[in-house]
Each structure stands twice: as C-alpha cells, then as structure tokens.
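Per-chain residue numbering starts at 1, and chain names A, B, C and D are given in the order in which the chains are listed.
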Amino acid sequence: MKKRIGILTGGGDCPGLNAVIRGVVKSAIIGRGWEVAGFEDGFDGLLYDRGPRTLGFDDVRGILPRGGTILGTSNRGNPFSYPVEVNGTTVFTDVSDRVVKRIRELGIDALVAVGGDGSLKIALELMKKGVPVVGVPKTIDNDLMETDVTFGYNTALETATDALDKLHSTAESHHRVMIMEVMGRYAGWIALESGISGGADVILIPEIPFELNSVCNAIDARRCRGSKFSILVVAEGAYPRGGSRVVQKKADETTAIERLGGIGAFVSRELTSCLDMDIRVTVLGHLQRGGSPSTFDRCLGSRFGVGAVELIERGQFGEMICLKGRAIRSVPIEKAVRKLKLVNPGGQMVTAAKELGINVGRD
Amino acid sequence: MKKRIGILTGGGDCPGLNAVIRGVVKSAIIGRGWEVAGFEDGFDGLLYDRGPRTLGFDDVRGILPRGGTILGTSNRGNPFSYPVEVNGTTVFTDVSDRVVKRIRELGIDALVAVGGDGSLKIALELMKKGVPVVGVPKTIDNDLMETDVTFGYNTALETATDALDKLHSTAESHHRVMIMEVMGRYAGWIALESGISGGADVILIPEIPFELNSVCNAIDARRCRGSKFSILVVAEGAYPRGGSRVVQKKADETTAIERLGGIGAFVSRELTSCLDMDIRVTVLGHLQRGGSPSTFDRCLGSRFGVGAVELIERGQFGEMICLKGRAIRSVPIEKAVRKLKLVNPGGQMVTAAKELGINVGRD
Amino acid sequence: MKKRIGILTGGGDCPGLNAVIRGVVKSAIIGRGWEVAGFEDGFDGLLYDRGPRTLGFDDVRGILPRGGTILGTSNRGNPFSYPVEVNGTTVFTDVSDRVVKRIRELGIDALVAVGGDGSLKIALELMKKGVPVVGVPKTIDNDLMETDVTFGYNTALETATDALDKLHSTAESHHRVMIMEVMGRYAGWIALESGISGGADVILIPEIPFELNSVCNAIDARRCRGSKFSILVVAEGAYPRGGSRVVQKKADETTAIERLGGIGAFVSRELTSCLDMDIRVTVLGHLQRGGSPSTFDRCLGSRFGVGAVELIERGQFGEMICLKGRAIRSVPIEKAVRKLKLVNPGGQMVTAAKELGINVGRD
Amino acid sequence: MKKRIGILTGGGDCPGLNAVIRGVVKSAIIGRGWEVAGFEDGFDGLLYDRGPRTLGFDDVRGILPRGGTILGTSNRGNPFSYPVEVNGTTVFTDVSDRVVKRIRELGIDALVAVGGDGSLKIALELMKKGVPVVGVPKTIDNDLMETDVTFGYNTALETATDALDKLHSTAESHHRVMIMEVMGRYAGWIALESGISGGADVILIPEIPFELNSVCNAIDARRCRGSKFSILVVAEGAYPRGGSRVVQKKADETTAIERLGGIGAFVSRELTSCLDMDIRVTVLGHLQRGGSPSTFDRCLGSRFGVGAVELIERGQFGEMICLKGRAIRSVPIEKAVRKLKLVNPGGQMVTAAKELGINVGRD
C-alpha cells in the first residue's frame, strides 16, 4: 500500500544526516512509490504552519557528500515541553496534542525520527500517543546504547585525529605540551579513540576522574626519556578526581570548570604549577560536527535510511535501526534510551590505551 | 617471564601496518619488558643473514600516521615454496626447515605474522613445524573470514570515495559516463561500499556476473530522467555473465580481460556500442594501498598489535586476532583462511545498494 | 547603466569554475544591479533554443567549494566550425552569424568567456564579429601565456602531490619503481611542480625529450646508495629523445605512444629491459580535473570573476583577466593565445629540480 | 671551493620548514659537495655546547611531507638580548660576541637563517658583526615585505578554509552565526583570503577597525533575504573602531581584548546585544601552524632552500630569498624587515571582498 511518511532530524548537527535523508527518500520512492514529507528544524517543524515539503529525487541529488542536514535541525522544540512566550516570560507547555493532530491531518502514516538520546525519547512519547514512529540513532559522541556506532562519530574522529597530527608537529618543533579539548560531555569515546589514533600521551575522559599528579608525572617521565613534548586529549566533560562532575544545567547555570574557560584551560592552569614547560590549549569545538561525512558515515547513514523504511514497511514501530558488527538490525527505542553508553574504565579500549603507554589520568 | 618475540609484515602494502608494529612494540616493552625483533621484507626476512633488528620506542616514534610498513614487505618469500635460482632457472624449494632453525637460534619465543590469506597460511604451516605463531589479519579487500573488518580497508574506501567525489564533478560538467576500476579480484567489498558512499549509479562486483544490457538500460533510464551523467564503480575481478572468471594465475598467464586492458576498459568498450555518450575510465590502482591510515585503521591496527601481544602472553598460539562488533577477539587461524569472505548477492549490503537505486549488474 | 551580461564556461572541467561564475554573478548584481545570463555547455549553449538562464544569488549559493561548473561545459561547439550532421556524415560549418545574431537578440551587452587556449580564440573571433567579449583564463595545465597561474592548476597539483605521497609508502614498503602519469600534453608544469612537491626522483616532461639511459642510471644510482625504490612522474606528453612528439590529432588518429597504452606504460616497458626491479604504473587521469577547489583556486577564481565584471564596466573588451604576482591585471586576449607557456628547460624550475637531485630525463 | 654552511629555523612553527632544510641540504651536497651543519632550536642552538649536527641525505629523507622542523625552533634566543638567570631574576644580556666566536670556531662559512621578521633582524645584526648570512623568509601571516608570499601561508589558508567549510554546514543546519578567529595579530591576510575562499559573510581585520553596527546590519540584512545563518572570520588582531589596537606587549601585559578571551569572544558578546541569534565562536589557534605542508608550500620551501644555497655560492650575503610572480629572486634583508606588509584597506583584495558582498567591518 502506498504510504506517506514523514522525516525530521533533531538535536545537534552531525555528518551523515543527509545520507540518512537520501536513503529514506530513495528507498521510499524506488520500488515502493511512497511519498516522503520532510519536516524542517527538528520537532519544531511539526508545529510550523508551512511545510512539510515533499522530498523527491531532485531534493536529495548531490547531498551525500555534504555535511549538515537539508532539513535543518534544532535543539529545542520538545512538543511535550515547548517554550511559549507568555507576557514576556518563557513558559514550557505541552503542545503534543497539537502535534499529533497535525501529523494525522497531514496524512502521515509513519514518522522517521533521526536524533540522539533526547530526540528519540520525544519520538517514544509521540509513539505512546499513537504516532507510528521509527528511530534512527544519531550522536556524534557515540554514547547511544544498543548500536555499535552511530554515523557522524567516525567523521568527528577524523577531524580530531587530523587536528592531533597538526598539533604534533608544532609540539615537537617547540618542545611544548599541547592540550586539545574535544567533545564528550558524558562519554569519552571521541577523546579515547582519537587519542589512540592521534598518538596522544595523555587522555582524560569523564568516566575516569583524573589525578593531576599522575598526568604531571607522565609528562615529566616522557621528558626524562628525551621526548621534549607531550600531547593531551581532554574530553569536555573530564574532571579532576574529587572535583564535581559537569551536570545537566539549566540555561543560567555554569559549572565551576566552565567558569574557568573549559576543562582544557583548567588542566593547562593546573599543569603550569607543576611543569616548567610551554603549554597551549586548543578547543576543537564545532569543527567536530561539520564537514563532508567520511566514507564510513556516508555508508552507515545510507544504510540506516534504507533500514528505517524497511522497519516502516514491516510495521516495526517503536523500533530504532542500529548497527551490530557489519549488520543492520533494530531494537526497541526504549532499550536504547534507558542510559548512556559510557566508556568502561576497565574495558578493552582503556586497557589498550594503557598498553600503548598512554596515561588515562590515573596510574 | 621475559620474552623475545618476532614480527613480520607480509603480502601487499596496507595502511595501518605501522600502527600494528607500534602496538606490538609498545605493549611488549611497557609493563612486560619483552624484546621485539623485526624481520624485514615479510617471510623473506626470516632467511636473511642480516637482521632481525631489535625494535625499541625510537623505531616506532612518529610512524602511526605513516602509510606502508617500516619493516618492508614482500609478496614472495613463501619458505615452503621458495624461489631459488638454479642454473638460470627458478626452482621452488621447501626451505622451511632452515627458517624454523633460524627462528630457534635467534631465540624467538613467538612470531607475530601480520598478513592476509597467503601469509596466514604460511604462518599456520610454520606453527605445525613448532614455531609459536599468532596472526594479525591484513587485507585491503576485506575478504578475510572471521573478522568484521581489517585495517587498511577503511583507508582504501576513503581513497576510492574521494576519487568518486572528484569524478562526479567532471561527469556532471561534461555529461559523461565515468567508470572507476577499484581493487577486488575476488571480493567486491571496496566497489560496493565505496560505490554506496560515493553515490555511484552502477556497481559491478565479482560475486554478481553482470549483464551488459542491464547496465546499459540503467544508464539510459537515468538520461531519460534528466541525469545526463552516470558513475560506475567496477571491481577489478568483475566479469560479464557467461564470461570467464578471473582465476589465480601463474606469472606468465594473463586472462582475457587483462589482455583487453582491465575490466574498466572492457566495460567502456562494450558500453560504447550501446550508448551514445562520452565514456572515460579511471583505474585507481596502487593509490588504494598507500597514504596515511584513517583514524579507524590507526585505532584498529593499534588494538590488533596490543591484542597480538596479549595472545602471546596467554599462550594462545595458532590464533588470529580479530574484530567482532567493537570488541577485539581471537579465532584459530585455521578457521580464518579456509575460504574468502565474499559479498552475499542476496545480503544486506547488496539489497541496500538496490534500494538506493544502484544497478548491480542485474535487474 | 544597467547591463545584461552573458557567461559561459568552455573546454575541460577545472576546479574553480564555480568560483568564477559566483564572482561574476555577485559582483554584477551587488552595487551594479546588472543581470547575468548563464549559457549552458560552453559555446554550444549559444546555439540552444532554450536558455540562457538568469543567474541570481540562489543559483550561486553554496557552489564555491564545489568542483565542476554549474553551467556545464563542452570541448566541442566551436561556432566557426560546428559539427552538423548532413546525410549521415558530420560536416563542420561556420554558424557564427547565427550565434552573433542570437547574442544580439538576447540583449547581451557583453560576454564573459571562461576557457583555455581554444575557447579564448573563439571568443576573440566573436569579438571581431562585433560581440563585446572579456576572457577569463582557464587551464589545468597552466600553459597559458600572460598570467602567472590559472585557477584549477593548484588543485590539480594537490591531487597529484597527494597521490605521490600515497605511492611513496607503497614504493618504499615493496622496493618498487612507481611511475605516475599526470596531465600535460604540451607543457610539463604539473609533472614538474608536483614532482618537486611530492619528492619524485625522476620527472619527464614534453619540453625535455628524455634519454632512457639517463633515467635508468638515476634509478640504479639510487639503489646503489641504499634507496631501494624510486618515484617517477611522467607528463602524458613526454617522449623519448629522437622519438616523435605527440601532435594535435584528428579524432581517428592515435600516436605511437598512445597505441602502447600511454607514456607511463611505455616508460615502464622500456625500464623493464634495463632494471631488475618491480615497476608499476598509475595513470592519474580525470582525478586531476575534479574535486573541491583548493583555497588558492577558490580565491583566484573569485577574484577573476570580479575582475571580469570590472573589465566590462570599464569597456575593456577583448581583454583577458590575469594574475601578475599577487595582483589582478588584464592583457589583450590576442597576446595570451599566441603560443603556449612551456617549461623552459634551462629555467629556474628545472634547475631547482636538478639541484634537488631529481633526474629530468637527461644528465 | 668546499664550504661548511650552517642552518637554523627561528620563530614560530610553519609548514614548509622541512622543505627548506631539505632543499638546502640537497643542493649543498649534490654538485657542490658542501657540508651542512644544522643548529637546533633556532638561535638558541648557536649557544649550545652540543651540536650542530651534520645534515646528510639520511637526515632529510622523508621530511618533505612533514610539518614542523626537524631542527626544532624557538621564539626566544635572541643573542643580542639573551635571557640569563641571575640571582633568581631574568636579565637580558648581549651574548652575540660568544655566538660570533662560536660560529667562527665551528668553521661555518655562511649561515642560512630561516625565520620571520624577528629572526631576520637578528640575522642582520649578526651580519653586521661579520657573520656571512643569507635569509629565508618565513611567516604564516604573510606579513613580510618584499616577497609575494612565504611558505606556510598557503597551508594555513587551507586549514582555515577547510574549517570554514565545516562551520558552514553546522551554521546552516542550526541557523547560527558562527565566528571563527584566525591568526593575524597585525596583518589580516589569513582572515581576508580564507574568508573569500570559505565564503564568509563578514571579515574583520586589524587594518580596518570595525564598526559593530555595520556588522550587525550585514547579518540582519542576510536574515531578511532568507539566509538564516552567517559566517564571520575575525583576525586575532582585529579591533573595534575607536578601540585600542593590540600592541606589542611584554610578557606580563595583557590587552583589554585578551582579558575578554580574545577578539572572537568579544565580537560574540557584542553581537549578542544587537542580534537575536544563536552565536558560536571557534578559535582555530595552533591548528593553523601544523600539518603536512600543501603542494604550494612544499615547492616554494624547496625552491627557497635551493635559492639560499645559490645566494651563498654567489656571495650575496645579507640578502633574503623571495618570490616575485613565479620567479625566485633576492632582496637585501634590510629592505624586507623595515616594516610589515599589511592589507591595503583600499586595495584589490579588500575591494574584491566587498564586490563579493562581504562586509569588512565598515559600510
């Protein structure tokens, strides 16, 4: 039966989103003859008067190598807690009934929600209100459960590893300590894996609160062995042992470490007191979210898009597409959003880092 | 107990080999205090009078981002069938006893053999003669069983996908059919996955003998829909239905397709007869083997190196390190070399390609 | 006064064409309020019934980083010798009157012709028939007189140098002689400059017919000094001393070297007879024309586009925009197309290559 | 006559330094048979007891594609004002006599000083004290007079342009204002040229003190035209009209803008007050100095190295090698260091930016 399916991309930008959109559009139209309606700006688009726009071959032509998302995205727009301006103050209201009504009126048979933790939880709530939903996992941090990896993560690693290669030559030429701060508020995957790939000497991640002494000694030991420079990769959510973890904050709160200008600057300041070396900090920031997706992310994104359409065809609503080994599978969204996938401090990846001589913030 | 372990890299060049070597050296020395002996030029090095050279931190410094192998490699040098010049003709002799004797004399407690199908089979034979061996899989083509992927493959995909991006702009500007021939004598993985990532319109692989009519129609159908160009990715081992498969050849044999200048040129010639379009062929060739390894291959190679040392420590000889999902595991080498891992014509990856509107040589 | 100007891109694809188009469109509209008419497929578009299409901001949005040309291009379509099918055979006719008439009818006040040698000569002829023309030089080979460089050349160098980096690691690992054939039918600039940047050992260019003995000795001398590999860069138009130069050919002619599969294959075969080494050939081909333009080519293309509009504003018709040092200047097209800018065998660049120990085909 | 020449690399890290060193070593040894002595860590190395080390072919093998400098560098070490620890405080002393004496004792016939403004001035002073010196210009900022460009600049532009490409996709997907801070304390070349190449909407440089109103209006005008995002490139030395210019500071001084966290953060804060848009800042920092040099910088660096040796051979001491158009020339160092080469606010490059619709901080 011919269907009309909707698609939206929510949360932060992530390389490979366009591959997913293209995969959904192509596999929906070819063979199936379905119609695809693209909602703009994440869940926000479900509330717009205008739109959605029907996506055809022309709309997805040439978008595979392009970063970003042709549909736009938004970090706001949770219909269950939607910011509405009332008498000059922002009030958060449940507008989900309006959303569900609109989806029905538009004749949307199923909705593909591409997003991370937050977006998938919203999708799940919509599902409970009767909207047939399938999920496509998206997180640059790779901290989503139930999938080996998500698209975007590999591209972010490429950007971080490339940056480490660049910092290496300068560190070596100037005998400097270079600190690079990467994304990862809760999970240290980007720091850990790019650090291994980029030949880092120290990697600090949220899952292993670090001891400054240990870091200091590691750098000093390198200097004694004749390596006059060191490279540190620090996840933005890393924090010193005994210090306070960065927690989910409301808009007007800042944590102690953020007041200091980020964890990279914090580590730099602390190291200055125990090392007589030139120390520099680079914050990679938004560069990690952008750019043309890597071959891995283009292929994975495309396969996820195709898989989402197949889920709809088989009526597997409430499921999220995922990667297991080399195979595309699916799991209940519920299982995927229960908790974050964190680095296991005693697991294989951390052990490998240690075996490679990398200090992970502890002896 | 302190050990002296040997390492060699055999077969074709592959990005990530240096990451493996570095991983072995670092994890053997740090914590364990073992000594690592590097044999040059693959199995050839086991027969050299000179060497092996002891590998220390200085030898592996800065090699992580570098392509190739600091140990050199060789496609020859099978000690069970070694080419010896006798009265002007080459005779293949079994020199494995000499090799086994030398390994013992050098006090090598275990040998890490990094290589593909061929090299791992040789390693297995040495194992049977009493040499404690562990294997690290290496194949740019990703056609080795029992591991999700091998290092080098991702870098090759990046190179192929990047080349497809380049060909796209020219194809589009000139309304041309561009054929790109990639590696893959038996397995079409590179063609298939780079083709999906690079937005190819046709992908021809050895596992699915192609029908020229089908390919021709696919390109023509695109033209009718207004797409005045097409991109074909062809694995070097692809062949027309009913045609003869490229088979393992001795040095002085050439197949029919090779006599025609490769499958890319063959397809070009055949398409010329049924299409009135400008057709150009690019053979990617050795570019796929070189270059700085991608972040994926650097991390995987490093973990494989660490894993190989752990196998030795646990006495798991005859085993090969491998990747399953995100985890490093091991399997008997015997299982891995029994047959090649080919693309399943009815499997997920081919189906995804078709769903994306890609012609795979058949309707 | 408000104007309506036309633009076309002729000849081979070249990274930076879109930057030129964008530069013309933006500078024509902003401040001046002119209208820009884009002709498709080079000079062919002047004869189409449909088009030209009016180019606005939306048409040039996001095209700066993209290779190719949004207008399409063509190597055919010379209106002074236009291929017309008459009773099954192709006859070349002068249709320039029709072209001139059409340009007038469309109310085109001036035409920006972006192209190489051939396209600029056509532009000059149209100029003589009364069409106000300005030229923007375009040649990937950098063989156009009167401009220091053209856009596209730097990107082609990046592609060739990157390929040499890749071949290096394989050459070194396998102790091979790697031959890379690059573009340059008449001028050896790409071979020479990418060879210097890529650390080549031998560079063969059309301007210096090579002696095989010299090349052979150079590779042998390297081997004697312990360098077991060598890298050769060969321009497609290179030829052996005493051999015949590749000359401009009609469609049905092939030169001796082409019959042998190109100069790379030729050199490979010849070297095989004097060297006992493994030799491999890579033909870079179309990869050199594609891809996202480098920063140099994007900036130069943009400035050329702006400069072309300024030429029109000042009424400097028959002039071509060019780069001298860091400055944009202009010269009569006539001066630029008189002859090709070839490498001076006794000039600075060749001398530098020799001083760096590079063999250029002669002792 | 056989010579022994010295070489040092001073000042900040810069891609292409290794190409220069390799060029000097190769051209000095090949044909001339000279000896090359490499001093480590810039002018500091002239005062070390150890070294210099003799540089041969093996030392420069494989360094062409590598960033940094194999000789190390230093921003300190001015022998005319050398920091010496006296009773716990740092005193700056003239130790140039010791340096001159050491150079003579080592039998150095000529010194190649590779460096920027500061290093070349020191070289000139040494020249006046009798040391035969030739200069090779090096500045990532391209602010050195008397040479069209210097090596390193093009690589920095590539890094900055690539970063802008990455920010573009995120800016567009999230409807954000993205500010990227690049190097350029006095000269805005990197900001200006990467901004043109990267499709920036606003470029702020030290040579044109900006008006916030103008910037604000430009972004707002874009939004009104439907472009819901904007990209700003800001040179680190940019400052608001009427604000105070960043001036050369002693170690313990900070300017007002630096206290605010840099000019990028400053602009972000100011724009927040006049725009209701999401604004993000990225500081590119040290990434601009590192990485494998681009083809342009490798070729230029190599030619500069060769040229420096030729200057020595011809006895042209006190001269600096430079690029004019496509030719290598030389000028008295004195002329080159008199003042910095700044962007001309009324010059071609700024005018081109404006014609492309870029706001440069003024209407």
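Worth a mention:
Just so we're on the same page, contacts are C-beta pairs under 8 Å (C-beta built on N, C-alpha and C of every residue); 3 or more make two chains touch, one makes a residue touch a chain.
Small disclaimer: the values here were computed from a predicted structure and weren't measured.
The interface of A-D is repeated, with over half of its contact pairs matching by residue number, by B-C among C-D, A-B or B-C. Among the remaining chains, the Cα-based centre furthest from that of chain C is the centre of A. Rounded to whole angstrom units, the spacing between the C-alpha centres of chain B and chain C is 35.
Centre-to-centre spacing of chain A and chain C amounts to 42 Å, using the average Cα coordinate of each chain. Between the CA-based centres of chain C and chain D the separation comes to 31 Å, rounded to the whole angstrom. Looking at chain C, residues 165, 292 sit in touch with two or more other chains. Residue ranges on chain B touching chain C, taken from their complex, read 12-13, 15, 17, 41, 66-69, 72-75, 159, 162-163, 165-170, 172-175, 178, 261, 280-283, 285-287, 289-292.
On chain A, the positions that touch chain B within their shared complex are 22-23, 26-27, 30-31, 57, 62, 64-65, 148-149, 154, 157-158, 160-161, 165, 193-194, 196-199, 225, 292, 294-296, 298-299, 302-303, 306-307, 309-310, 324-328, 348-349, 351-352, 355-357.
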